[in-house]
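As written, the chain order gives the labels A, B, C and D, with residue 1 at the start of each chain.
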Amino acid sequence: MSWVPEPTLNSYLILSAVLFAIGTAGVFLRRNLITILLSIEVMLNAVNLTFVAVDRYLGSVDGQIIVFFVMTVAAAEAATGLAIVIALFRHKESLNPDAFTSLRW
Amino acid sequence: MLSFITPELIFHLGIIVAAFFALQIAAAGLVYMERKVAGLIQQRYGPYLVGPLGLLQPLADIVKLVFKEELRPKAADKILFYLAPILSATAAFAAFAVVPFGADTDFSWVAKIPFVTSLTGFTGLSHPIHLAAADVNVGILVIFAITSMGVYGVVLAGWASNSKYSLLGGLRSSAQMISYELAYGLAFASVIMMAGSLSIREIVDQQAGYWFGFIPKWYGIFPQFFGFLIYMIAGIAETNRAPFDFPEAEQELVAGYHTEYSSMSFALFFLAEYINMVTVAAVATDLFLGGWHGPFLPEWLGWIWFFVKVFLILFFYIWMRWTLPRYRYDQLMEFGWKWLLPAAVINLLVTAGFVIYLGW
Amino acid sequence: MHALLFWIFAAVAIVASLLVVGQRNPMHSVLLLIGSFGALSGLYVLLGAPFVAAIQIIIYAGAIMVLFLFVVMLLNAASEDPVTGYHARLIGGAGPRRLGAVLSLGLAIELFWALRNLQTAPLASGDQQPPATAVYDIGLRLFQNYAFAFEATSVLILVAMVGAIILARRERA
Amino acid sequence: MLYLIPLLPLAGFVVNATFGRRLSKTVSAAVAVGAMALSFGWSAAAVWRLLHLEPVGGVRSISEVVYSWIVSGRLNIPFELRLDPLAAVMILVITGIGTLIHLYSTAYMHEETDGEYARYFSYLNLFAAFMLVLVLGASFPVMFIGWEGVGLCSYLLIGFWFTKPSAADAGKKAFVVNRIGDFGFVLGMAAIFATFHTLNFQEVAAKVALLPKEETFGLLTGITLLLFLGATGKSAQLPLYVWLPDAMEGPTPVSALIHAATMVTAGVYMIGRNAVLFGHAPHTLDVVAVIGCVTALMAGTIGLVQNDIKRVLAYSTVSQLGYMFLAMGVGAFAGGIFHLYTHAFFKALLFLGSGAVIHALHGEQDLRHMGGLRKDLPITYWTFLIGTLAIAGVPLLSGFFSKDEILWQTYVSGHTILWGVAVLTAFLTATYMFRLLYLAFFGERREAPGHGPQAQASHQATSDHGHGMAGGHGSHLHDAPPAMAIVLVLLAIGSVVAGYVGVPNVIVPGGNRIEAFLEPSFEAPGGVAERVAAAAEQPPEAHNASTEMSLMLVSTFAAFAGIGVATYFFRSKPQAADAVAAQFGGVHRLLLGKYYVDELYDATIVQPIKRISTMALWRGVDAGVIDGTVNAVGLVVRGWSAVLRRAQTGSIRAYAMWFFAGVVFIVGYYVIWR
């Protein structure tokens, strides 16, 4: 398979950069809280990829451990975030972030 | 050119194909077995018309299913509706892929069969190969990962077919699977801790031998008896079998997540369910019942032991289903979270304590 | 082989994530995201980190995403509501959207450029350490050097759990 | 298997603490005593093994790591137990005397209800367990577990009759005062870790041994002083001795075990354990010596006039502890421990004897209402007499040898003044002990005024132990029941013979075996250090033999003089005593008021703290400064937010956008312009 260029560290990093950018774009473009949360997950995963790649490059395992922590944090974030989403949805039948602009109602 | 085609490769492919078909046949066989055992338990005959002792019944069922018409609710989500059964079936097969069902062997016993050597010149493989579709050295993780994917088939089926029964069934089953996965995983973890390895094959090999010459050193018997119990209970819940069969609780929600399915796509779900049973049983055998290790049989026939054990566990499954009534849903959840999970945690801690301080 | 797999996975990941962001049905977004997770875990395997790959599937795809799925099912908000001119005008909901999109594009370009200017660093291909021992090392470091962080996360999870329950409870105290 | 030693009593505690309410008295007593007895047997076995060990670098020791306790960064503390001669002596004393006192308690506490009974024994067992951890611990933190644990148990046991306010208060007092000491101890520990990066006694000793003696006030002195503060708290020395007399609110056996024989000696033990460390801080040693001496004298004088039998004994304990610290201070570590060991016997004996008396008198504790018990309580009397002789330092009894050892070392090490004071104290000891003896056992019975049932009831209220009305007892007295009697006899024998392990070398050459046995424990491991204690550098025999003999005579004389004085004042001419008291009314009142130390503390520390807290801290700092600041901050914030509110559109997306713009800008800055 010599015709396929070997992936280097940079290719991994670029990949994760692209994913991250996509995630951010999602956060801004989507008008649906759930999808926005999903986009955040995308961003997190981009970061994870960087960690693991660099980890491999340095031949250590610390990055993988941090990935582990990121995942736990992501879990916590998803749990609370979705709970908030549900609570919001109960108030106004809408998931549009622009619909929730006042701190109290 | 074809130099990469070695006898090892051929045999390995053979094993994979064998495993694949064995699973399907097992599924068919299970259907038959289930109905027979049910008949036994309920003191009736069960299938007996089609073929001798009704042995061909499963075949008939399959044929019937194949010739049925594919129905799809109008409001269903096209892609997902068809993706769902495929997903669950795939997950079911994939999970079994990493389960080894016999000791490494170089098949020299094949050569012992008359004429084999003289006809093919085969005298046994140059190096022994694993009796498993794929031998991954983090096998347990893989199994766990794939089982956790299995839930999607159900959930999607529930959601895609856009009917309240299916949706409820899907929600229920996914909630149930998630809840019991924890206990399931913890049971795994304690075994991993004891064996100090993630490779199923090594775990099995650690269970070779006997205490006092007659008690087999199976984790399921002494050190991990409770782990075994927890695993079995969680496993039953994972595979949505009675007494935990909420996803398809007929009385409450017609047929649960596959209410709207028919013909082959329904068959796929069916298949998936039974293959999952087999997988759970096989994993239980490997992790807790010493896999292919057993008395009386030479190493290269160990797989027979393996199948015997799996068969027994499956029988136990069916037995459970036809003797126990169904839980109530809240009871199920309460049991999962308030009893099974703490029990699993305690089991894990105790195991850890033993491993650290008694150096098992 | 590695190389080919890498490009395939990368392509899958990017396309999937693009679609996650790109189409409006949240249900599909969730599933596509799972797809991209699958691709990522494939990449992790290529990077010789099977443990991470496994927990990526188990935790992310197996648990977190199911949570999302739940919510989507519960709220059954098939697709997002169209932008109401009212909000758009009042908060300039549209303004930040466009700007943000542009900015993210900018970030992509910046990073891309930065990495281009970096001299390329080849990865030792093939896994340099048998995964089992990798898991072992991870375990050791996790419970020795990162013990505190670990405990802290456990507390975080607990808090998140309680918070989620409080938030999602229907009857308000 | 060292860990079995503390584990057995702990098991006893668990049993009694969990099922106590359901167990009958017999069972719970059997459990508790059995646990202690087993532990004693095990300790004996361990010590036996120790004795037959080959000395490694001059040190015999058995050490075992039970499990690795704290591992974090550079700090690695295994839960390690270490048995060396010093610890050996201690565990034998603790388990041995502990067992006896458990046995005694079975009879003494018999009036309690089953639950209370079990509670009592569970506490007692728990205490034993902690104490054993304290002495066996091979590092400061492990010792600290025990250190705090015994503090807790002492609190629980002093306040055992918590329905009685005085008892509850006494418990609290003990706890708080101990806290002050522990604070010093913890600080010392921290300082040690900061200095030597280890908390293991052996390693610390080894590292210290390499340092020169600290002639000026320096780090070591600071550390040791902090540790010594802890010691004063635990072992009731100036200035923290105030809790011990009040601790007598607890059941008498508790006073015997915890507040005489074992726990209060923890401080002494701790210093002995760190002999090398202290040996390198001469100034601290001087402080220790002086404080010990002063405490001894002061407590002795107070004991002279107290009227509560147990308080007298309490003050005598304080004074004896003072002796031990004096020994430590002059570097006679072995001597100190020796005295600790003999003292354990006769002080336990005395307390238990007084317990028997109180038991017989249905809770009467006032000496003025006793007397003439000689005929009624023969066993108690004789054993008590032996104890008194022993503590008074009459030759050929245990007290004599150990006390004399201390005096001798004090003199040899050149602290002549301290020696003088010590001798004076010895004299006082003899005096007040015999006063006690005479008042309690001689003369004719002086019933409490109107010693009728209701009066008994009133005693009941202030009574030390919950002896029921026991109707029909009237004033007929019964001697100690068998369980108590046996213990008394055994302890009496102990207080006679215990001293013979340490016969001064001048009398029997090489007779001071205990010192030879203990010595290694006070040196840095592997004999790295020069001999640390003055105790070690034996002056040539020829020169000091005569001196030592003469000093012995002096102390003996002091003892007999004390006895004589006591006899004169309290036996032959009781009125003379009152006359003297009247003449030196001021002094007498001062002594009766225990030098008004409690009042002093109350006035100088407690009240000021209260006042400061209310006035300055609460009204001033809290209400004024803190609240003021908070409110001010609030106002400022409110002001600003009025301005900043404009930027708050409330749209998450907008916020995210700005935030993200910042990110992009920063990244851009690093990527492009640099």
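One rule holds for everything that comes next: a residue touches a chain if its C-beta (ideal position, glycine included) is under 8 Å from a C-beta of that chain, and two chains touch if they have at least 3 such contacts.
Remember, predicted model here, so these are calculated numbers, not experimental data.
Asks: Per-chain C-alpha centres versus the global one: which chain is nearest?
Replies: Checking distances from each chain centre to the full centroid gives D.
Asks: Please tell me the distance, in whole Å, between the geometric centres of subunit A and subunit C computed from their C-alpha atoms.
Replies: For subunit A versus subunit C, the centre distance works out to 4 Å.
Asks: Between subunit C and subunit D, what's the gap in Å when you average each chain's C-alpha atoms?
Replies: Using C-alpha averages as centres, the distance is 62 Å.
Asks: If you average the Cα atoms of subunit B and of subunit C to get two centres, how far apart are those centres in Å?
Replies: Using C-alpha averages as centres, the distance is 30 Å.
Asks: Among all residues of subunit A, which ones touch two or more of the remaining chains?
Replies: 24, 27-28, 98, 101, in rising order.
Asks: So which bits of subunit D are touching at least two other chains?
Replies: Touching at least two other chains: 649-651, 653, 656-657, 660.
Asks: Check the chains against each other and report every pair that touches.
Replies: Result of the pairwise touch check is A-C, A-D, B-C, C-D.
Asks: Which residues of subunit A touch subunit D once you look at their complex with the stated criterion?
Replies: Spelled out, the residues of subunit A in touch with subunit D are 24, 27-28, 97-98, 100-103.
Asks: Could you please specify the touching residues of subunit A with respect to subunit C in the complex?
Replies: Its residues touching subunit C are 1, 4-15, 17-32, 34-35, 37-39, 41-42, 45, 48-49, 52-53, 55-57, 59, 61-62, 64-65, 67-69, 71-80, 82-87, 89-90, 94-96, 98-99, 101.
Asks: Inside the complex, what are the residues of subunit D that reach subunit C?
Replies: It comes out as residues 71-72, 649-651, 653-654, 656-657, 660-661, 663-664, 667-668, 671-672.
Asks: Under the definition above, what is the set of subunit C residues touching subunit D in their complex?
Replies: Checking each residue of subunit C against subunit D gives 91-93, 95-97, 99-100, 103-104, 106-107, 110-111, 113-114, 144, 147.
Asks: If we count contacts the way the header does, which residues on subunit C are in touch with subunit B in the complex?
Replies: 27-28, 31, 34, 50-51, 54-55, 57-58, 61-63, 66, 69-70, 72-73, 130-132, 135
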